[in-house]
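Notes for the one structure printed next.
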Amino acid sequence: MRLHELQAGLGGELVADASVPAPGERLIRRIGPLQGADAGTISFLANPRYRAQLAETDAGCVIVSAAARDAVRPGCVALVVPDPYLHFARLTQWWAARTRPVAPVGIHPSAVVAPDVVLGEGVSVGAQAVIESGAVIGDGAVIGPLGFVGAGVVVGERTRLAPRVTLMPGTRVGARCLLHSGVVLGADGFGFAPDQGRWEKIEQLGGVVIGDDVEIGANTCIDRGALDDTVIGAGVKLDNLIQIGHNVRIGEHTAMAGCTGVAGSTRIGRGCAIGGGANILGHLEIADGVTVSATSVVTHSLRKPGHYSGIFPIDDNASWERNAATLRQLHTLRDRIRALEKQSKTS
Amino acid sequence: MRLHELQAGLGGELVADASVPAPGERLIRRIGPLQGADAGTISFLANPRYRAQLAETDAGCVIVSAAARDAVRPGCVALVVPDPYLHFARLTQWWAARTRPVAPVGIHPSAVVAPDVVLGEGVSVGAQAVIESGAVIGDGAVIGPLGFVGAGVVVGERTRLAPRVTLMPGTRVGARCLLHSGVVLGADGFGFAPDQGRWEKIEQLGGVVIGDDVEIGANTCIDRGALDDTVIGAGVKLDNLIQIGHNVRIGEHTAMAGCTGVAGSTRIGRGCAIGGGANILGHLEIADGVTVSATSVVTHSLRKPGHYSGIFPIDDNASWERNAATLRQLHTLRDRIRALEKQSKTS
Amino acid sequence: MRLHELQAGLGGELVADASVPAPGERLIRRIGPLQGADAGTISFLANPRYRAQLAETDAGCVIVSAAARDAVRPGCVALVVPDPYLHFARLTQWWAARTRPVAPVGIHPSAVVAPDVVLGEGVSVGAQAVIESGAVIGDGAVIGPLGFVGAGVVVGERTRLAPRVTLMPGTRVGARCLLHSGVVLGADGFGFAPDQGRWEKIEQLGGVVIGDDVEIGANTCIDRGALDDTVIGAGVKLDNLIQIGHNVRIGEHTAMAGCTGVAGSTRIGRGCAIGGGANILGHLEIADGVTVSATSVVTHSLRKPGHYSGIFPIDDNASWERNAATLRQLHTLRDRIRALEKQSKTS
């Protein structure tokens, strides 16, 4: 791909010194990091901290902000844009659209599709997929191989299901979503009533509603609601192996990293960032714009935006053992300090 | 559905004031929470704390205990029962049985079922499912679409496998179980012997035995035993994304919330409640009736019933940073207190 | 199986007292632990702590080191070897090879295999599996039922995929690997650029490269790289429900227990042991030979080999509540100690 094609598609200003007579003609073969780049690589500088790498990289072209353009090595073309990281993101999309095979339109002969399924135009149904009665698949949607789409499920336009995704009956997925392999939407929420030492199942009668432009990572589970629905807002991004309990509501454009768990009926606001391995207990309210550090446990509602943390510090094992032993007597330390303070005042 | 049908099926006493001449004739269209209910909704009050909502709800009928019946709004029918939450659970089952489609009896033509598989009466085998040689499927069991049932596996009567469940050879599942999508029973336990910096595999020769009335959540894994079996007792309820290591034994009617991990050879008693995201290390004994708070790490055996916790408190990030820094010097604080105490005695 | 066959296959010295005239003729029917063994059981003593069990076990044969041979009960045959645990591991392999059915060579008629797939000799492709265009499957490899092997994927010789495994395009798996059910290799890494409160997807253009002799547990996910590949070294062992982020590199023979998460771009050295439920944050360096205790959170690089821990101690709930409350004021305790110390010096 030549730089002028890329510029025509995505914008930006091509800048080079006199040693590059025709910067737009430069040929690009891959996108790569500054380190390890070669003359056929287009790279980017998103973090000004790494600005010094601009002078050393062998990349043929670097996406930079106007502030960084002068730091680019002579002979390297600068593609000057307002937000280099965002431009890089769009470049990866542009690149993928030109290099990745497109799922073939039509129903693979091995798929099992109920006769009353409503298929939009340009839908792709992969090998061995199963689509049950009454499902509605929007235009341009892709149901990957070995996927299961239950009775009455709605899949929005241009939404893509990777291979081996399960959408249980009662699930509605918006447009332009991307669901990775192993995702399970609409399994039963975890609800039981105690009955003399046994558990009586509470049938989960709600569904799962996923907004537009949502991405859901591999093997992530979102349970159906008990009575109402579990609702994931538009633009939400969930990483792999996340568990979302029944009746949870997640506001628009919130992002959640892998291995996180959200217990039932919790409401998370818009634009939150939840670190990996975090756990959010049930029936809580998380305000818009909350950041939770990785692995923190949210035990109470967080009603104000802000950055919250609770990570046990890692240490060499011997130090940890000493500290952990003291930690179990922590409240006695406080009492001893109090006693000393009292004594010191009276003396 | 009319209230008298519901009463006939599940019991309870219908009570209403004079403004409702025929409470049994009232028509119910959905089950829902007190808030947001309408005249066609049946709701319930399980927690006396929310008793005030009984006067405000628009629900057509509310399931309540005798103690709460007088708090119900005039014009609303009270269904008086000994245990409203349990009654609600049974109502959801009654409702689901009447509204949900039943899996069609028979083998879907796309399924691959070995000729010597023993199928009980009324079994349903879904599209694209695979059942290997020697498997035995009990009466009324459902093997969901895209499921895998390995050679010699036993599935009990009326047990239901959601789509995309894996039962590896050596697995036996009891009667009336419910396994959600993505469950994997009988993958190898994690066992290796060190050999000069490499790992030599210990083949896992045991199986997995699941009791009756067990529910297992989406993408949960239960490993086969190394030599003996991994055993899950009757009535156990496991949520999503749980990992149960080899040779673990879980006693009857224990419930475990999502994202929990139990390492190999641990034995958990009957009637325990394990919170979400908890981790229980290997080779431990957990007594009957133990409650473990969500995300706690069980590092030693818990030999007495009781409630155990270990959660790092979440805080605003700045406070956390200060406390975490001090935490790493915790044992020195103890030493400094000791020194002060000594000094104070001698002075 | 007779002991002399087993000795001929795996080595070791058979030793017995005069009450056993022909130790090699003894018949073995199962491998089992010392406790609960019977005359047809072969058992082993790996941990000298349990040496006393040697005098009590009913096992017909026990694998022991030379140092423990004299502790074996009269009438029980000792199989004396240099490393009993390693010998036991090899015995399980030897046993499994003789007792487990072998996957049938050939392509199951229900599988969907693209015409240009390159299949080695002796390959087994299970029922309902899907193999896309351009994939290359090495000699003796097993693609389990309901598996998905994407376009251009490479699977090495004698590698086995359990049922329901997903290998997305861009994945290369080495020889003699074992991937358990539900594994997803090559789903997108979690990468987005912020754009005015929304997230712009960074297409993940790298792949996943798995070395030889790697084992990957059920429902574990390894994401494709953003630009370069995610790389798992030879001999690595990953347990179930592990999340490996994009561009992570794991050195050879590192083992990682279940429910662990490794965030993007972290590099883990060779021969590390990572406990279950641990979380390792992104962009870190973990040296060779590092041990991380279960559930610890690695928040900074660990540049020296050693054993690191960070586990919040579990306690009865009342004690935990007292300590947790104090923990949130921990830095004030330190200040109060400092004040007391100052005072004590001046007095």
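Letters A, B and C name the chains as they come in the text, with residue numbers starting at 1 for each one.
Basically, a contact is a pair of C-beta atoms (placed from the backbone, for glycine too) under 8 Å apart; a residue touches a chain by one contact, two chains touch by 3 or more.
The structure presented is a predicted model; accordingly, all values stated were derived computationally and were not measured.
Annotation: the chain A:chain C pair of sequence copies touches via predominantly different residues, less than half of the used numbers being shared.
One copy, chain A, sits rotated relative to the other, chain B; on C-alpha atoms the angle is 120 degrees to the nearest 5. Separating the centre of chain A from that of chain C, both taken as means of CA atoms, is a distance of 26 Å.
Residue positions of chain C touching 2 or more other chains, listed in rising order: 110, 128, 146, 164, 182, 219, 241, 259, 311-313, 315, 327, 329-330, 333, 337, 340, 344, 347. The residues of chain C lying in touch with chain B in their complex are 30-33, 36, 83, 85-86, 88-90, 92-93, 95-96, 101, 108, 110, 126-128, 144-146, 162-164, 178, 180-182, 213, 215, 217-219, 235, 237, 239-241, 253, 255, 257-259, 271, 276-277, 294-295, 311-317, 320-321, 324, 327-331, 333-334, 337, 340-341, 344, 347.
Residues of chain A touching chain B in their complex: 110, 112, 128, 130, 146, 148, 150-151, 164, 166, 168-169, 182, 184, 187-188, 190-195, 197-205, 219, 221, 223, 226-228, 241, 243, 245, 259, 261, 263, 279, 281, 292-293, 296-300, 306-313, 315, 319, 322-323, 325-327, 329-330, 333, 336-337, 340, 343-344, 347.
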